[in-house]
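Data first, discussion second: the structure below is written as C-alpha cells.
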Amino acid sequence: MAGEMMVYDWVDYESGQVDRRIFSDQDVYQHELERIFARGWNFICHESQLAESGSFFLNYIGEDQVIAVRDRDQQVQVLLNSCPHRGNTVCSAELGRTRSFFCSYHGWNFDLDGKLLAVPGEQEYYRGQLDKSRLGLKTAAQVESYKGFVFATLDPEAPNLTDYLGWVGALGLDLIAERGDMEVVDGIQKNRIQCNWKLAVDNLFDWYHPKVSHGSAARIGLMNEDELRYMNQMVILGEYGHAIGGAAFDEGKLANLAERVASGGDLDPVDKAKVWRTTEGAREAMGSVGVRCGGHPNIFPNLWVSAAGPPQLCLRIPRGPLATELWWFTFADRHQSTAERRTAVMMANHIFGPSGLLEQDDGENWSHSTRTSLGTVTRRRPLDFSMGLRQDRITVADSDQSYIDTVVNEHAQLWLYRSWQDWMNADSWRALIDNHSPVPTDTV
Amino acid sequence: MAGEMMVYDWVDYESGQVDRRIFSDQDVYQHELERIFARGWNFICHESQLAESGSFFLNYIGEDQVIAVRDRDQQVQVLLNSCPHRGNTVCSAELGRTRSFFCSYHGWNFDLDGKLLAVPGEQEYYRGQLDKSRLGLKTAAQVESYKGFVFATLDPEAPNLTDYLGWVGALGLDLIAERGDMEVVDGIQKNRIQCNWKLAVDNLFDWYHPKVSHGSAARIGLMNEDELRYMNQMVILGEYGHAIGGAAFDEGKLANLAERVASGGDLDPVDKAKVWRTTEGAREAMGSVGVRCGGHPNIFPNLWVSAAGPPQLCLRIPRGPLATELWWFTFADRHQSTAERRTAVMMANHIFGPSGLLEQDDGENWSHSTRTSLGTVTRRRPLDFSMGLRQDRITVADSDQSYIDTVVNEHAQLWLYRSWQDWMNADSWRALIDNHSPVPTDTV
Amino acid sequence: MAGEMMVYDWVDYESGQVDRRIFSDQDVYQHELERIFARGWNFICHESQLAESGSFFLNYIGEDQVIAVRDRDQQVQVLLNSCPHRGNTVCSAELGRTRSFFCSYHGWNFDLDGKLLAVPGEQEYYRGQLDKSRLGLKTAAQVESYKGFVFATLDPEAPNLTDYLGWVGALGLDLIAERGDMEVVDGIQKNRIQCNWKLAVDNLFDWYHPKVSHGSAARIGLMNEDELRYMNQMVILGEYGHAIGGAAFDEGKLANLAERVASGGDLDPVDKAKVWRTTEGAREAMGSVGVRCGGHPNIFPNLWVSAAGPPQLCLRIPRGPLATELWWFTFADRHQSTAERRTAVMMANHIFGPSGLLEQDDGENWSHSTRTSLGTVTRRRPLDFSMGLRQDRITVADSDQSYIDTVVNEHAQLWLYRSWQDWMNADSWRALIDNHSPVPTDTV
Amino acid sequence: MTKIADLSHNELMLLHFEVEQFLYREANLLDERHFDEWIELLTEDIHYWMPIRRTTTSNQPELEFTSIGGMALFDDNLDFLKMRVAKLGASNAWSEEPPSRTRHSVSNVRIVDAEDNGRIVVACNFQLYRTRLESEEDSWIGCRKDWLERNAQGHFKLAQRHIFLDQTTILSQNMSTLF
Amino acid sequence: MTKIADLSHNELMLLHFEVEQFLYREANLLDERHFDEWIELLTEDIHYWMPIRRTTTSNQPELEFTSIGGMALFDDNLDFLKMRVAKLGASNAWSEEPPSRTRHSVSNVRIVDAEDNGRIVVACNFQLYRTRLESEEDSWIGCRKDWLERNAQGHFKLAQRHIFLDQTTILSQNMSTLF
Amino acid sequence: MTKIADLSHNELMLLHFEVEQFLYREANLLDERHFDEWIELLTEDIHYWMPIRRTTTSNQPELEFTSIGGMALFDDNLDFLKMRVAKLGASNAWSEEPPSRTRHSVSNVRIVDAEDNGRIVVACNFQLYRTRLESEEDSWIGCRKDWLERNAQGHFKLAQRHIFLDQTTILSQNMSTLF
C-alpha cells in the first residue's frame, strides 16, 4: 500500500497547522486502519448490554466487524464476524441472544467463545482430518473491561488496557462510571455522515463552535446564550492521544455543595447532577482534578465520553475516508427513579442523534470540511489549530494530575493530530511506545 | 498497474489455504481482466439464439461488451461493441435482429461481420482518404462453436477451442449437448450480486452447502433431506482449470436402465431423465466416465453447466471485484413434447434465478464472504479448502478418463484456485502452456 | 500520484490517433486537475450576473469550488469556498446577495474580498495572537475580465488573460460580446452526464455528428436536412489549445448585407441576426476573418461559445474521469425588444440543456464512448481523428489572422488533444510556454 | 367494459374505493409478514407471473417481455406461492433471516375492465422498497395488472397478477420477497 | 374557491375521483408510449412549464425559481409538445432508442381551486422513474400544479401544467421524457 | 372497530376521502415550509414518536423496535415540536440553511380503527424525499400510524403519530425535517 513507506509530516504542532490531505486521502485511510484501529484498544460495548450468557452485540473495529458476546462462563468475548471456512458472517442481527453462532453457508457451528463446536460431515466428508482447534472464530488479541466498559485490541503486542488508558482515559470513563450503578438504556442511535472520522473527533473538544453552530438551539431557548461562552475551561492531555477538554467546576462551589448535601439542604436539579462529584468514592477514583472536570474526554482514537448532559458515549466508526458512522450509547443509573430516568432519556433523545436539536447542525459542517479537502488547490493550504497555542501553562495538582486551566482553546485538538501522527509513523507497538510524543509538562 | 510485476503466491494447495485478498483487491481484479478474461475462451451464446442472419445477442468478455451476431454467410461473429471512430456503442438492444450496426453518433455503418460498410461524407469530408478496411469493428481473435455452444477469445495466441476445453470441458458441454437437439428457451435471467465472481464459481462445485444453505427448500418439500447427503461423488479435474464435481451414477443401474428401455418397460420421470445416458451416442461422446457423471462442470473461468436438473448454463460476469452478474441460459430439446418442456421450464423458473427457491439463499453468503475479505485483520487469515485434501486417489478408466470417486469434498474448488494462480502468473499463453499445473495423476 | 512522473505520448497527431485511456484513467484525471484546471484560465461568470456589491455566484475550477462576488469597490473577486480554520464552506447558495461570508462552524466572518473581518473570541480565546491577515479566504491568483466575461487562474505564474486567450480566444468571446450590450438571462441550466469532459469538448467542434445524432430534430422540422451538410467550414487554431470550427459566412454576402442595411432595406430574421457583423466596431474587433466566423469556439480547456443560435456559453465541469456537468449560460442584448428576447429565450430553452430537442441526444453517445474506454481490450485501440488530416492549407488573411477554409473535418478536435498533451507534459507554466506546439502555419 | 360501463359514477367510485382498500390491505399483510393471511386472499387457480423484460429496439417491441409459459421471474400457481410463504416463515431461509423490511406502495390504481366471468381487472403502479441488515437497499418499480373476483361472501380474492418490472437486469442479490 | 366551496362533500369526492382517474390515465398513456393519445388530452393553448430551481438562502426565496418567460427546462406550447412527441416516435431520436422505460406515479392529489373560467386547479406530488438499457436509473421527484378544463363532451383536458422538480442540478444525462 | 363498522360504504368512503385530504394538506404544509400552520393541526397533547429500529433474528421480533419512553429518534410533545418548528424558521439552523427541499408522499391510506374517545386511527405508507444544496439526496421510507380527532369545528387534528422507518442505520447526515 502506497502509505506503507512514507513518514507522515503532516501535522506541524509548532505552528498548529494540519495538512488537509489526511481528511480524504485513500492511502492515509488504509494506513489508519492498519496502524490505529487494528492496533489500538477499541470500545466495543458496555457489559450491561450483554445481560446473560448468549447475549450479543455487533460492532466494528475499523472495518472489521466484531461480535461482542457473553459466553457460558459469563466472560465477554470479542470475535471477528467471519467464518474461517469460506468467510461468511456468522451473525447478522445487530443484537440479541443466541446459543451459538451458526454459519448459514455450510453449517459450521461456533461456541460463544468462538470455538468450532461442530462441522457437518466431519467424519463423512473431512474423514476426521479437520483440526477444529485451529478453525474457531478469530478472537480479539486482548479483551478487557474497565468498570463495565468493554474494550478490545486486535494487536497481541498492545499494552494492557490500564496502561493504554492511563489516568486520563480512566478519568474519561469515570465521568460516567462513578455516577452510580450504570447501565445502557436500550436503543443505540446510528447514522452515517459524509465526513472524515477525525473531524468528528476533533469537534468533541470544540467549545468554540456551539455558540455559532448551535446558535439556533439558543434562539429556541434550548440553551442559554451566556452558557456558550465557556470561559472556565480545563484541558487534560493524555498519553497516546487521549484528552479531555471543557468546563471546569469550582473547587469551592463543590465543597460548599458537599456541605449542603451533608446538612440535608434541598438542591436544584443542576446541583443534584453534581452531587456524585462530592463523594469520597468519586474523589478517590478521580482525584481532585477529576471531580472538577466537566469537559469532553476522547478515548483515542474514536470514543467520545459525553458527560456534560445525560451520560452518553458516541463512537465514531470510519466508513472509508469520506464517511463516518455515529453510534450513541446512553447510560442511566439502575437506581434512578423512573421519573429521573425519563427526564434524562428525553434530554438524550432531543440533544444528540441525527434528529437531535443540537447535533442536527454538526454533520454538514464536518462533511463540507471533508469535501473541500478534495479540492486540488484548496487542499494545499493546511487547517489552523493555533487557538491558545503557546499561551497556556500546565498545572500539576497535589494529586499529581496535570492539567491546563484556560479559556476556549485548541490544545486538545492539536494534541489529537500530533498523537495521530505518532501512531501513523510507528510500525509496531514497540516503536509507538518508544517514539510517541511525551505529554507536555510546562507550556502548551 | 500495481499487479503487473507481482508473482502471486496466494494459493497454498499443499495446505488448502487461499488468501482472502484475491476476493476484493482492485489490482488483482484488473489483473484478472487482463490475464484471464482477455486471454481465455469465453462462452458467448448458443447458436439457437441466433436463428437467422442478422440475429444478435449482447454479452461480455470481462468488462468488454461484445455482440454475437449471425452474419450473411450464417457465420457467428463476435464483435467488440465500440465504434472505432469515437468509441460509441453500435448496438444497445440486448437481443434482436438487424441488417447492420449503425453508429448513432456519426452514422458509420458496419456489416454483420464488423466490416465498415459506409461512412457519411467519405468523399466530401474524408476526401477519399479513409482506409475503411482498418476501421471495422474489432472482431474476437478466435470464435468457435462446440456442438452449438459459441465461445470466443480475444487473444490470437490462444490454442483452439478443442485444445482449450480438453476432454473435461467437452464433457461438461456434452452433458447438455448429448441430451438431444438442444435450443435455448427464450429469456435469460440476469441479476447482480455483491460478490466476487470466484466465490460464485467456487460454489458450483460445492455439494457441502445445499443441506444448510438450502435447508429451507427441503423443509418446504422441494427437495428430500437425504438427497442432500451426496455420498457418491465423482470429481474430474481438467487442464487450465476446468473441473466437474458432483453426483456419480451407478454403472450397473445405468445398464439395467438400458435394458428396461430396450424391453420397452415404462419408466418413472427420474429414470426417463437418464435414458439419454444409455445411448450409444452418449457413451461414444462422453465415454464410460462421462455417462456416469451427474455433477456440475465449470468451463474455466466462469461458465457453470448446471446439468443435474433441467439443462442450464449460468455465466458469472465480473462487475468489479465486489460484484458479479449471473446470467441463466435454459435449454430444451426441440423434439420434446410441449408438456415435457413446460415441466422443465417451470422447474428452471423455480429453482434458480434471483427468485429461485434455491438460489435465493446463495447470494447473501457470497456477498458476506466478499465483504469480510475487506476487513483489515479479517483478511489476514486465509480461507480453508482442506476437505478431502490428500484423502483421495485418481482412478483412470479404460476410456482413459481419469476421475476421483469420493464423497463431498473441496478438490475441484482448490483446483480452481490453483489454476487461477497459474493464469495470473503467466504473462502470455506461451508461459501458461509451459507452466500451468499438470492434472494430478495419483492422489489429491 | 502515479501520473506525476510519466510522459504522455497518447496523442499521435501524425496519424490522428488518440489513446482511449485518457477518457477514464483515474491518474490521468488527477493529473488534469493539477496541470490543466489548477493552471489555466477558467471561465467563472459574466459581470452581469454580479449586479451589485455583494452579488455572488458559485462555480468550480476543476474540483475546487469558488465564489465569484462583487466586492465593496465593485471589483469581482474569485475566492476558494473554504474556511481557513476547519475548512468548512462559507457559501452554500448557488447565487444571491450577501454582506459578507459567514462561516457556520465557528463564525469567522469574511469580507467580500475574502479578508478575514471578525473572529469570535479574537481577544478572549486567541488572546490577540491570531494573525487575521494571513487567514482570509484564498483568492484566485489572477482574475481578469474580457468584455464582461470573468476568468480566473489559480496559478500566479500564468500569463495574463490577454496573452492566454490570444486572438483566437478573444475572437471566440467577441462572437457574443460584439453583438451588443450583453447580459446573462437569469437561469443557468445544469445537468450531469456520465462522460469524460474531453469528449464533450471534442463534440463542440463536431459538425459531422448533427446529421445523424440530431437526425430526429430534422425529422420533426426543427432543422433543415440540407443545413446539416456544412460544406463551408472555417477552422481556426489558437495557441494553448483554443480553437474555432464551423460555418463561414461569405465575404460578399456580408458586404451586400451591409449595403442593404445602409439603404434601410428591410431584412429577414436570418439577415437581422448577422447585421452586427457588418458594423465597423465588429470588423475592428474581430478582423475580416472574425466577422466571417460562424463556428463554435472553445476557450481551452472547457468553455464552449455557442454563437450560432442565441448566444450561449456551455461550461463543462469535470466530476471525476467518468462524469461531467454541463452549465448553460444564455445571453441577451440589454437593448433588445421584449419580443426579440422572448424569441431568443424560447429557442435557447428548446435547443440545448437536458431537455433541449437537440442536446437530449448528445449525452448518451458521450457516455457510451466513455464507458467503452474502460474495456480491457476495447481500450487498446485508439480513437480516430483523421478526417481531413493533411488535406488542408492554412490561409493568412490581410488581417494577419490565419485560418483554414474547408469542409467538415477533425482539425480542431485533434488540435484540442495535441494541446492537451502539451499541458499534461509541462510541469510549470514556464515549461508550457517553452514547449507547447506552435500553431500550424502551412498545412494541417 | 361491459359491466363497468353500466355503473353510475358513484357506484364506480365505491367499487374503486373497495378495490383500492383491498390492494392496500393485501400490501400491508406482506409488509407485516402475515403471509398465511395473505395466502387466504388468493383464489385456488391464482396465476402469479413476472416475465423477464429485455432492452429492445423500438421496432421489435414483441421481444420486450417473455411470454406466458416461457422463462419468467415468477410463474406461480397456489402451490408454489404456498412454498414461498412457507419458506418466508422458515427460520432457515437465509435470504430472509434476519427478515427483510419491505414496503409495498401502490399508486395510480385504475379499474380497466370487468370480464364476463365477473372478474375485475385492475391496473396500478407499484414501488416495492426493501432494506436488509445494516444498510442494504433495493427498490423495485413497475406496473401491475390484477384480476379480482368476489367469493361467496362477496369478498375480493386475487385471481391473477401480472407484474411488469421496469428493470431488465435485476440489480438485487435476490428476489426473496413477494410483489 | 368559488365553485368548489358550493360542492357537497359527495360532489367534491366525485369530482376528485374523476380528476384522479384522469391524471392516472394520462400518466399511463405516457408510460405505455401512446403519445398521440396523450396529445389529445391537451388544450390548444396548453402551457407546459418547468422552471429552473436554485439553491438559495432562506432570506432570498424569490431567487429559487426562474420565472415564466425566462430560462426554463420546459416551456412548451402545443407545437413544441407535438415536436417532442414526434421525436419520441422517431426511431432516430437516440436518447430514446431503445426506448426508456418510465413510470409516472402521482400522489397526494388535491383540488386546490376552481377558476372563474371553469378551470380546476389540481396539485399533486409526482415521482417519475426511468430506467434505460441495462441498468441506468433516474428518479425525478417534485410537485405539480395542473389546470384542467372540460371540453364540449365534458371530458377533462389539460390546459396548463407547472412542474416543480426538487433537484437543482439535474443528475440525469438528459430529460428526454415528458412529466 | 365500533363506529367504523356502523358506517355505510358510502359514509366510510367519505370519511376516508376527508382523512386522505387532511393528510395531503398536512404534508403540503411541511413541503411548503408553512410550519406555523402545520403546528395548528396538532392537538395540545400530541405525541410524535419514531422508535429506533434494529436488525434482529426472526425469533426475537420483540427487539426490533425500542419502546415508548425509551431511546427514540423522535419522542416529541407539542413543546418539542414547536421548538423544531422555531428552529426550522431560524435562519441560523445550519442544517436547514439553505432550506432542504422535501417531498412528503403518502400512500396506501387505511382507516384501521376508531377509538371510543372518537379518535380515528389511520395507517399509511410514506416516502419522504429530501434534496439539499447541489445534489444531496435522502429518501426515508416506512409506514405511519396517525390518530386523528375532530375539534369543536369538526376539523381534524393530529393527536398522535407513530413513525416506523424501514432503515435501521440512518443513512443521512441528519434528520432535520419533520415526517
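When the chains are written out, they are named A, B, C, D, E and F in that same order, and each has its own residue count from 1.
Everything below uses one rule, namely that a residue touches a chain if its C-beta (ideal position, glycine included) is under 8 Å from a C-beta of that chain, and two chains touch if they have at least 3 such contacts.
These numbers come from a predicted model, not from an experiment.
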Same-residue or different-residue interface between chain D and chain E, half as cut-off: different
Label of the chain whose CA centroid is most distant from the centroid of chain D: C
Distance from chain D to chain C - Cα centre to Cα centre, in angstrom: 51
Centre-to-centre distance between chain C and chain B (centres being mean Cα positions), rounded to whole Å: 49
Multi-partner residues of chain D (each touching 2 or more other chains): 10, 13, 55-57, 92, 94, 97-98, 107, 127, 133-135, 168-169, 171
Multi-chain contact sites of chain A, meaning residues that touch two or more partners: 92-94, 104, 192, 212-213, 361, 364-365
Contact pairs between chains, per stated definition: A-B, A-C, A-D, A-F, B-C, B-D, B-E, C-E, C-F, D-E, D-F, E-F
Touching residues (chain side chain B, partner chain E) in the complex: 92-94, 104, 192
Chain D contact footprint on chain F (complex, rising order): 9-10, 13, 16, 53, 55-59, 107-110, 123, 125, 127, 141-143, 166-169, 171
Footprint of chain A on chain D - complex, ascending: 92, 94, 97-98, 133-135
Complex contact set, residues of chain D against chain F: 10, 13-14, 17-18, 21, 24-25, 27-28, 31, 91, 96-99, 101-107, 127, 129, 131-135
Touching residues (chain side chain B, partner chain C) in the complex: 33-34, 37-38, 61-65, 80-82, 84-89, 103-107, 120-121, 124-127, 129-130, 135, 138, 154
